[in-house]
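Pasting the structures here.
One chain, chain A, appears in both complexes that follow, with chain B as partner in the first and chain C in the second.
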Partner chain A sequence: MIAETFNNFLGGTAALFGDPMGVLIFFGGVVGGMLFGAIPGVSMLTLAAILLPFTAHLSAEHGIMLFSVIYCTGVYGGAITAILFNIPGAPENAPTAFDGYPMTLKGEAGKAVGAAVMCSAIGGTVSCIVMMLATAAIADWAISAFGPPEIFALVFFGLAVAASVGAKSFWKGWLSIMAGLMIAVIGLDPVGGIERYNFDMPYLAAGIHFIPTILGFFAVSEIFVQAEKKATGSFKAPKLSVDFPTFKELWMHKIAVIRSIFIGFFCGILPGIGATLAAFMGYNEAARWSKHRAEFGTGRIEGVISSETANNAATGAAMIPLLALGLPGGALTAMMVGVFQMHDMEPGPLVFINSPDLVWVVFAAMFFANLSILLVGFLEAKTIVNLLRIPFQYLAPMILCLATVGAYAVRGLTIDVIVMFVAGVAGFFLRRSGYSVAGIVLGLILGKIGEQTFAQAMQMLHFEFSGFLGRPIAFGLLIAGFITIFASVYGAFFKKKPQLTES
Partner chain B sequence: MGKLSKGQLVEAAFWLVLVAIFFAYSFEFNNEIEIYKYGATLWPRTILVLIALAAIGQLLDQRKNGNVASSNTMAAAHEDSAQDTELNSLGWYFNTFILLSLPFIYMTLPDLLVKQMAIPEEGVAKLKIICAAVLLIAYLAIGWRNHVGAILALPIFFAALMQDMGFYALAPVFIIGIMILMGERRVSRMALIMPLLYGILLAFFVSLLYVGLPTGNISPFYEFGSWMVKTFQ
Partner chain C sequence: MTVRKYLLSTSVALAMSAVAGQAAAECASDALPASMEMPGGFPERALTMIVPYGPAGGSGQVAQAMAQAVSDLTNVSINRDHKPGGSGTVGMTAYMATPADGYTVLEHIDDAASAHALDSGKPNPAEALIPLVTSQITFSQIYIRKDEDRFTDWDSFVTWVKAQDGKATIANVSKEGSMERVTMKFITDATGMKIQQISFDKGAPRYGALAGGQVDALFEQPGDVRKFLDADKFMPILTILKEAPEAFADVPDLTDAGLDFDPLFRFRGFYVKAGTPEDRVKWLQWAFQKAYCEEGYQAYNESKFMTLIESFRDTEGSKELITETIAQYRDVYKEMGLEVK
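And now, the complex of A and B:
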């Protein structure tokens, strides 16, 4: 099987690099994905949305390949803004900001970006290799073993674990996630299409879009926090550095890398879960097993490593349900379904039979896109780190204007811009009170998936909660989630706490 | 056993009041769904109950453990926590609340006046401009001594005016406003940076990517916005 895979891969590589137009599109996708991922206020999704109509003029092979390359490099590109400005380029980069941005404030931006470059490349490349070797077998297992009850249980477990990240306390973490889940409830109910919490406002009937909310909670609230520091005289300009981490420093965290590859790949393969939960779980597990757990969130390189390895490891895996079953795992893979449809094709098992060339060109392109993160990523990072030289009073209006354009461009509604700035103000006050904006965003994103899969699971199980007992994976994940919550509650009430000293 | 502070009590009350409001509103959509016996309310109500439990749990934890309350965790949010400054005083919160409400007054007041006073179509634009000017003066008067509140309110003001006055006319004023609030006082620098940022934005998004930004819908802002779009596209 390995020899056959290797031959197919060589065939795909030859087809990719033997075609000048293919090479041009490949490098355009690599640079475009990285740039759009790294520019504050826009993301790889913005680029993909702009390019989508133009793919009708490309061949199906080139169109799908372009999107898959943008996916790989865009996920990495988002880490740069997360590290430098606390603005995750995409939700999957949010955990990268937890430690990446404090590293920037400490003058270790170069180390954080370097770790992101290395680990994104490692996670993505390994994921691609496994994708090529095991697409069929893994798809068969995951799709048959993971129905709605298991996906709901996984969402529950992910949220339970995420409650312990980013906030000042377990309670605030849990309240942050619940607030995010409540925001996700606004709009139509996923089963009956009943309007909920629209308060007679037509805009709210469609729900609150996650892109303005994310921009508000991360980018805008960060500007407000820094503005408060300026007003109170506690503002410290981030220090500039381009000293990348040494091989020894990265080698010390090899276990975190391997663990994150497994987590990322496993989460990526599940439709609708993808890289976001992968990054959060990669980060959480790194924190859980680390000897320096209390230092997570203050600028540990391990936090950046685990999050970036996991989210890039999910990119290869996310192609499995897309190509094997036609199930998109996220916004970008959903756009890829659009590219297939523009060429009168349907992604699914038949693609492997009818268009094996397309599949292997895409696999080869993803493999080389991940490798190119190493080269182009380092060059790009060296340039973009210099953005930190810009004084904050000039950077702030630039970021706010970019965020305005980003929020407006989603649907062409000024109300989205208002929602973004209101979310920014809410994020500012919540952060002052020790709440986690990342928790709110995770709750918002996973809320809809959680409710939908819960409803499907209950219908499947004939509304009997005991039905979960007969599904070992779902049952195990639910138990693990409950244990995580009860351990935190027990710790809050019954564990002895060190008393704070005056110093 | 620690004593609860006023802030901790207000925080718990905030969550519980929010839960009560949302729970009461859930009866508005408590409709049956034929294929799903839990209806549209089970999920939000479960979340609300969990919010109430977490808020009470937090309060009990704070009562038991005082300043060292609660268990885990990683310290990401610690640095953001409010410092003991005048920015925590009741007066500051009240002042900021007034500033934040100004954009929402602009979003509702002109429409209300138009309905009440039966103002003709051609007078609506003038009314909106007068409302914006009055509220802007109020913003400057209140925000003069509250820089942080002014920074929080300015972007919402910018967004609220954008529908009527467009991005193109408002962005230069917004850029300068943020620079001043962030501490820039040198006119020469502002005169250099503002056109540079504005130009980069228009060149990249309008000329290169053809992003359609709001042009506004009242004269003379609409004409200016349309002229800018024609020029840059």
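And now, the complex of A and C:
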């Protein structure tokens, strides 16, 4: 099977690079994905939406290949602004900012960006190889083994450790998570579509979108924090650094990389879940197993490594349910369905039978797109890091403008800009009080997925909690989540760890 | 008049059954002139189409296909502005805030009619808006996995579900009062089945739930699951029409299954705001109705099983469809005990 896969891969590679138009589209996708991922205010989804109608004029191979390349490099591109300016290019880059931006403040921007480049490439390439080897088998296993009860249990397991990220005390950590969960319930309920907490405001019926919330809590609140320091004379400009991490430094975190590959791949193959949950779960698990758990959120390179490995590992995995079953894992893969349909094709099992050439050109393109992150990513990073030379008084308004455009661009609604600024002001005061804005964002994103899957799980289990006992994977994850919570309670109140006491 | 008698008298149901199984031999708007002079130079710039759903779903796709067809026909660009959320509420609210100058059009589905039926404070698409064209009308089916061995057809499915005493599951959309939920109520009332509906608001997880065996059946429209049908992964066991179209002749319809209710339909169309200058409305009506017959749009509709029953309604036909649908839903909601405002 491996020999056949390798032959198919070589065939796909030859088809990709033997066609000048294909090469042009490939490099256009690599650079476009990185740029749109890295420019605050736009994302790879913006680029994909712009390009979607034009793919009708390309061949099916070129259209699908372009989108898959944009997907690989766009997920990486958002890490750069997350690290340098605390502006995640996309939700899946938000956990990268948790530690990446503190590293920038400590003068370690180069190390953080370098880690993001390396780990994005590793995570993406490995998942791409697994995708090539076992797409059909993995897809069938994933959708039969993982239903709503298992996904809910996975989210619960993730939330159990999230309270320890970035807050100054046990209670403030949990209150931050709870605040995020509260925000997540605004809008239509996932069972009956009943409006909740929208105070008869139609725009709130759609809920609080997480992109403006992330921009507010991270970018806007950070500008306020830095502005206050500037006003009080305690401002220190981030030290410019282009020192990338050494191989030895990365090797020290090999376990975190491997763990995140598994997590990212696993989250990626679940329909409708995708890279965002992958990045958050990857980060959470790195924090859970780290000896320096209390230092997460203060500039640990492990945080960047785990988040960026996981979100890129999800890209190859997300292609598995798309190609094998026709089930998109996220927004960009859903747009790929549109590209297929423009060419009178449907992604799904028949694609492998009817269009094997297309599949292998796409596989080869994704493989080389992930590898190209190493080369183009380093060149891009060396350039973009220099933006830190811009004095704060010029940089801050630019970031605010870009964040405002980014918040508005999500749906073209003014309320999203208002949400961003409210989150920015709230984030400023919450951070001063020792609460964790990372925890709030974790609660918001995992809360939306968790509530929906909990409701579905309860319907499937006929509203009996004992139904989880009959689903070993879900039950195991719930037990692991409870153990984590008990361990954190024990650590906070019985072991008297200094980092978990009120500061 | 009882609900049943009212439903039986609706021209919607009659029209549907009359054309079921007939592919349109001639395109509905072929009779329209091949070109039309732009009134006073309108439109001088690109149009904006507000789409209250994401770009990848059924609404996003039909919006893209129609925008492309109108642009091909008229050389006028159309920018699509997706405003998803709140089951179409966000897009509709945003649209109602735009000026009635004809430069902004709206794509919407039957959810707008059912939302008005439940709450008359929400815009009535037949009055607050002027329908330019209804370009997709489709029906629903119940699907099971092709390799399912616990039941193989509608009769054995009903028998099996009844034996499970409420433990059987079907994947459906999440919104109470939606076409899908109301139709499932018709089915369970008529058969005496007790079946747990699992709420999925997005298509992919809904289809994945059936493909992965997480649920026993799926409620969906055929165009949305065509790839699973073509790949022999899913099979329909009930067509929710009085008379099944030719393409599904071997699948029991409501008459075959002895289910005595009138089906509800999913429809998608394009609108402009009431109060838009009349000459501009006329031009837009021509452009959108004529674009329906463009080769590209027809190919798209065919790929989505949207030619199995007549999908086209002009402005008057759309108003009739919407008005009758609102009346249908309103009566059904009252019968269901929902608060109709």
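Please note the rule applied: the second predicted complex is superposed on the first by the 495 of 503 C-alpha atoms of A that agree within 3 Å, B and C clash if a C-alpha of one lies under 4 Å from a C-alpha of the other, contacts with A are read in each partner's own complex, and residues count from 1 in each chain.
The rule is simple: a contact is a pair of C-beta atoms (placed from the backbone, for glycine too) under 8 Å apart; a residue touches a chain by one contact, two chains touch by 3 or more.
Worth saying up front: this structure is predicted, and the values here are computed from it rather than measured.
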item	value
Partner chain in contact with A:Gly173 - chain B first, chain C second, else both or neither	first
Partner chain in contact with A:Val191 - chain B first, chain C second, else both or neither	both
Which of chain B and chain C A:Met182 touches, first, second, both or neither	first
If touched residues of chain A are counted for chain B and for chain C, the larger one	B
Contacts of A:Ala294 with chain B and chain C, given as first, second, both or neither	first
Partner chain in contact with A:Gly412 - chain B first, chain C second, else both or neither	both
Touching partner for A:Pro347 - first (chain B), second (chain C), both, neither	second
Partner chain in contact with A:Ala455 - chain B first, chain C second, else both or neither	both
Which superposed partner A:Met398 touches (first chain B, second chain C, both, neither)	first
Touched partner set for A:Pro321, first chain B, second chain C, both or neither	second
Chain A positions touched by chain B in one structure and by chain C in the second	191-192, 194-195, 412, 455, 459
Chain C residues within the chain A interface of the complex	54-57, 60-61, 64, 68, 81-87, 89-90, 92-94, 166-167, 169, 174-178, 196-202, 204-205, 207-209, 211-215, 226-228, 230-231, 233, 299-300, 303
Touching residues on chain A, where the partner in the complex is chain B	50, 98, 102, 164-175, 178-179, 181-182, 185, 189, 191-192, 194-197, 199, 220, 223-225, 227-228, 230-232, 234, 287, 293-298, 392-394, 396-398, 400-402, 404-405, 408-409, 412, 414, 417-418, 420-422, 424-425, 428, 431-436, 438, 451, 454-455, 458-459, 463, 488-489, 491-493, 495, 497-500
Residue ranges of chain A in contact with chain C within the complex	49, 52-53, 56, 140, 142-148, 187-188, 190-195, 202-203, 205-207, 271-272, 321, 325-329, 331, 334-335, 337-338, 341, 344, 346-350, 411-413, 452, 455-456, 459-460, 462
In the complex with chain A, residue positions of chain B that touch it	11, 15, 22, 25-26, 29, 31, 33, 35-40, 43-44, 47-48, 50-51, 54-55, 57-58, 60-61, 64-65, 67-83, 85, 87, 100, 103, 147-148, 151-152, 155-156, 158-160, 162-163, 167, 171, 174-175, 178-179, 181-184, 193, 197, 200-201, 205, 209, 211-214
